[in-house]
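Here chain A shows up in two complexes: once beside chain B, once beside chain C.
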Partner chain A sequence: MRPLTEEETQTLFKKLAEYTGPSLKNLIAPIDNSPKADRIVFRLCQGRVYAVLLSIANIATSIARDKLLSLGTCIGKFTKTGKFRIHITALPIIAPYARHKIWIRPNGVMPFLYGGNVVKAHIGRFSEDCPEHQGIVVYSMDDVPLGFGVTARSTAESRRLDPTGVVCFRQADNGEYLRDEDNLFASG
Partner chain B sequence: MAPSRTKTMKNKHAAPKTPSAGGDTKRSATSGVSKSKKGKQGPVVSQQVKEKNRAALLKKPKKKVYTAEELNIPKLNMITPVGVVKPRGKKKGKIFVDDKEGMNTILSLVQAEKEGQIESKMIKARQLEEIREARRVEAEKKEDEKKAKLENMKDSLRKKRKRKSAGNEDESLNEVSSTGTKATKPKKKSVSFA
Partner chain C sequence: MGVGRRMKKQGPPQPLSEEHFAKLKRKAGLPVDAPTEAPEKKRRRTAKKPEPKSNGSASKKSGSTSKASKPGKPAKELPTANGRSKSKAPKKPLIEESEEEEDEFDMEDLEADGSSDDEVQKIGDDFLGSDSSVFDSDDEGGQTKAMWSEDEDESDAEEKLTAANIVGLSRKLDQQLEEEAAANEEEMLQSALQTNISGDKPKVLADEDDELEDEKNEFLAPDLQLLRTRITENIRVLDDFSNLRQEGRSRAEYTAQLLKDVCAYYGYSEYLAEKLYNLFTPREAFAFFEANETARPVVIRTNTLRANRRELAQALINRGVTLEPVGKWSKVGLQVFESSVPLGATPEYLAGHYILQAASSFLPCMALDPQENERVLDMAAAPGGKTTYMAAMMKNTGIVVANDPNKARAKGLIGNIHRLGATNVIVSNYDAREFPKPMGGFDRVLLDAPCSGTGVIAKDPSVKTNKTELDFMQLPHIQKQLILAAIDSVAHNSKTGGYIVYSTCSVTIEENEAVVQYALKRRPNVKLVETNLAFGKEGFTSFRGKSFDPSMSLTRRYYPHSYNVDGFFVAKFQKIGPTPAKANAPREKSSGGDSTEVIDRTPIVDEDAEDEKAKNDDFGGWNEDEDEQYIEKGRRNAMRRRGLDPHSAGKKSKKSSK
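The block that comes next holds the complex of A and B.
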């Protein structure tokens, strides 16, 4: 387990900033105003990046590297080319700070959770002024985050789209907790 | 005589020491001179060389050393692969960013960059949308014009037909009326016996 280097931190923040707005600063801000307040830090453990409280990260140093399987919330992992691949487990981190959102109707929830893209017919609400190919967080109509993806069309364009036209390409959904159970938490 | 001859013969290599004979003098003279020169001017030459060396030694560090970047060597043609270049004299290992300030600066930098990107994307999208809208309006206008033209043409054709068939229509109307009357009052068949 080790902290991230400058380059890695930059790559990670770039990825997170795809989905989140300027409020992402609150993620790394201290939890309270006390002088030695706890804050969330990022740690690299067996190729995966975890967002974890500093106090817990300090305690975790007492566990041997190869014995430590996981700590905090897994955000994703670095590929061998140095890019960052965000996992569905990062949803609780990015959902509160989401910049653009899309709400899908109850008839579209299941198709999305089974790995489908979001089509126009399933959209309940859509953030205004959203450009295309922009990271977006997908919610159900009762504001439960279901996953995230990238927009296929801008908001204006998607209005003219036919009901079967894809509006958002899925990147991760909550169904992965079942579908990818073996890979999602496997170390190495 | 003989011993003297033999002496001379024996002293063939030693001749330089005693330059006596005419034929020997040339050879001995040259070699002797060269040797004597070496012996006499040896220290002078070495001094000169030393001075030169000193000068060379002094000059060497002054020579400009070109870096790889200054030579404009293509990046792919370098010995070290692109991206693996590590500056000399730098400490080995990774430099971690774990302090609050460092993370905040990186985050603000990244966010400013992202904001700019998104803003430019949106401006571009808006411009494209405007262009599309203008094109759509133009196309609609053209379509309307076409339709109006077609309607006009249709109307004119209808009028023409009406004018042409106006007289015929009257006749036919008369016919129809007559037939109608006929229909209402059909001729009774009558049989007459003469």
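The block that comes next holds the complex of A and C.
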């Protein structure tokens, strides 16, 4: 387990900022105003990046590198080419700070959880002024975060779309906990 | 029987479904005052008909009359949540007969199980059964109300919630009534048959000519109907041995026959059947074997980090799931009767609002009761049901270290931790026996030890045959190592904690009481404390000549036939002092080990004679001076090889020797 390098931090924050926008700094700010306040830090462990409270990260240092399988919340992993691949497990980290959101109707929930893109017919609500190719968090109508993706069209454009047209490309959804458990977590 | 101080705190689990059943019955046009048990009562009486003929009828009769007066009672009490039950304080005879009644209730349970595989039926019965087992404790009921009063605000909502289920339940009930009627008829036939064949004394053991026949039939498949009748007959005899036995037959013969039949009927290995049989009375053992044939109800646990139980239940009901709160003892459990969707793939499941978890595995976490901002260790964590429950109890504060030695299982564990949103968890992959070494000083430790699984035979029937004597020696060995590691990992000076909970999903003595006893003996700095669980039977303080610590009655045992949960064992320790430094040293052989004498085994001989002999023996004896020279030479060679001057060294050594 080690802290991220400067370069890695930059790649990670760029990726997260796609979804959260400028409120990313709220994520890494100290939790409260007390002098020794805890804050969320990012740690690399067996190729995965974890967001974890500093106090927990400090305690986890006493566990040997090869014996430490996970701590806090897994965000994703760095690919061999140095890009960052964000996982569905990051959803609880980015959902509270998401800038653009999309709500889908009950009949669209299952298709989305099975890995489908969001089509216009399934949209219940949509953030205004959302540009094209912008990271976006997908919610069900009762405000349960389901996953995230990128918009295929801007809000204005998608109004003119026919009902079967894709509005948002899926990147990750809750269904991956079942479909893709083997790839989500590090263990050899 | 199993009534301790815990009764004053919480009381037994409520037969929760009763109100609904009464309501449903009214709908179905049945007499309302008769509780669900009523039809069974009738059946029982018919089944018991042959009994009055036997000699011990007087005592039986009084038992049955008190029983007959009983059925109305639980139903009346229930709506008032035990509050009024105090006024209906027990009459003396009830207490005296409690033992007998309990047994009979068990019998009813198993009859219900045997006759119908219906979930609703089973739950009602079992919870009633458990209620009756602590029936004599009504005088303590006053305090139980206080404990449950906090639940009452919820109960309205729960009623509303379950009202939505009523359609499903009433259909179940109809079906169940039909089945019961069929079972009644069958039983009538059977009892008639019995009276014809055996008259007063049932013939269970084979005569000599029967045995010959048996040998002939050895290779044929056993007649299950016959086996079952013989088992029930046999149990009847064992219950009232002095009156019902055949002349000249010993109890051992009957027991051997019963075990043989049980092995043939249920498919246990002989070793395991005997081991399990010895834990119970014959009747209870039969109930246990019978309960192992039916699956336990599906239970889900609400993840309080993401959802609350009421909303979750509503959401699932809308998806076509029939469910109900699991009991008053848990605020997060929901029992599922039937579901039109796969429970492991609903959007709520994927969003981490609940986890499928057996009711029994709530218990160790509730016993441990982790507080906020503590440091907690789960030594064998996979698949994460208990770990996430603890994280939820701590509201994601503090730290939970979840350890599992198996990497493949750890993957599922990490998946569940992330899905349920437990952010305060560190997952490690040590052998748990190493544990105080990488990290110690925990406030609480949960050890759900690997075990033989004799409590979960319903889930995994392979246990019936694949467990041998060796397993019951190896597993306790590991468990003992683990429990010492667990104790050593706890900080005795923790302000809020210092607790260890040991649990297994096994019912055998070797893996439970014996391990706890070992821990108490090896670590004088721990003591057993109250588990604060609402129900459960007390652990054995003595078993077949072995006597355990008297505080063993603070541990809790759970059986499938008495509570309709998996067989389980929970013990809670408190660490009151540091582990003494010598604790890890190997044990001395005997208890008074200090006085082990050193035995000189050299034969006693005359020394001078020996010298003479040595000089004259075939090897030419021993010459001290010559030996000295060789030693000196060897030393010099060694020094030269190391690049030192042997002469100087010789001088030095001579000097020093001077």
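By our rule, the second predicted complex is superposed on the first by the 186 of 188 C-alpha atoms of A that agree within 3 Å, B and C clash if a C-alpha of one lies under 4 Å from a C-alpha of the other, contacts with A are read in each partner's own complex, and residues count from 1 in each chain.
Assume contacts are C-beta pairs under 8 Å (C-beta built on N, C-alpha and C of every residue); 3 or more make two chains touch, one makes a residue touch a chain.
Because the structure is a prediction, the values reported are computed rather than measured.
For chain A, the partner touching the most residues, choosing from chain B and chain C, is C. Contacts of A:R2 after superposition on the shared chain: chain B is touched, whereas chain C is not. Applying the stated contact rule after C-alpha superposition, one finds that A:P145 touches chain C and leaves chain B untouched. Using the contact criterion defined above for the overlaid structures, shared-chain residue A:Q134 touches chain B, although it does not reach chain C.
With both structures placed on the common chain, the touch criterion links A:K14 to chain B but leaves chain C unconnected. Contacts of A:G76 after superposition: neither chain B nor chain C is touched.
Shared-chain residue A:G175: touches chain C; no touch with chain B. Looking at the shared chain after the overlay, A:G108 reaches neither chain B nor chain C.
The intersection of chain A residues touching chain B with those touching chain C, taken from the two complexes, is empty. Here chain A touches chain C in the complex through residues 52-53, 55-56, 59-60, 62-64, 66-74, 89, 92, 109-110, 113, 140, 144-146, 174-175, 177-178, 181-182, 184-185, 187-188, going by the rule given at the top. Remark: chain A residues 2-6, 9-10, 13-14, 17-18, 22, 24-25, 28, 30, 39, 41, 129, 131-134, 154, 156-157 touch chain B in the complex. Across the complex, chain C meets chain A through its residues 344-345, 347-348, 350-351, 353, 375, 399, 407-408, 410-412, 414-415, 417-419, 421, 423-430, 438-439. Residues 94-98, 100, 102-104, 106-111, 113-115, 118, 121-122, 124-125, 129 of chain B are the ones touching chain A in the complex.
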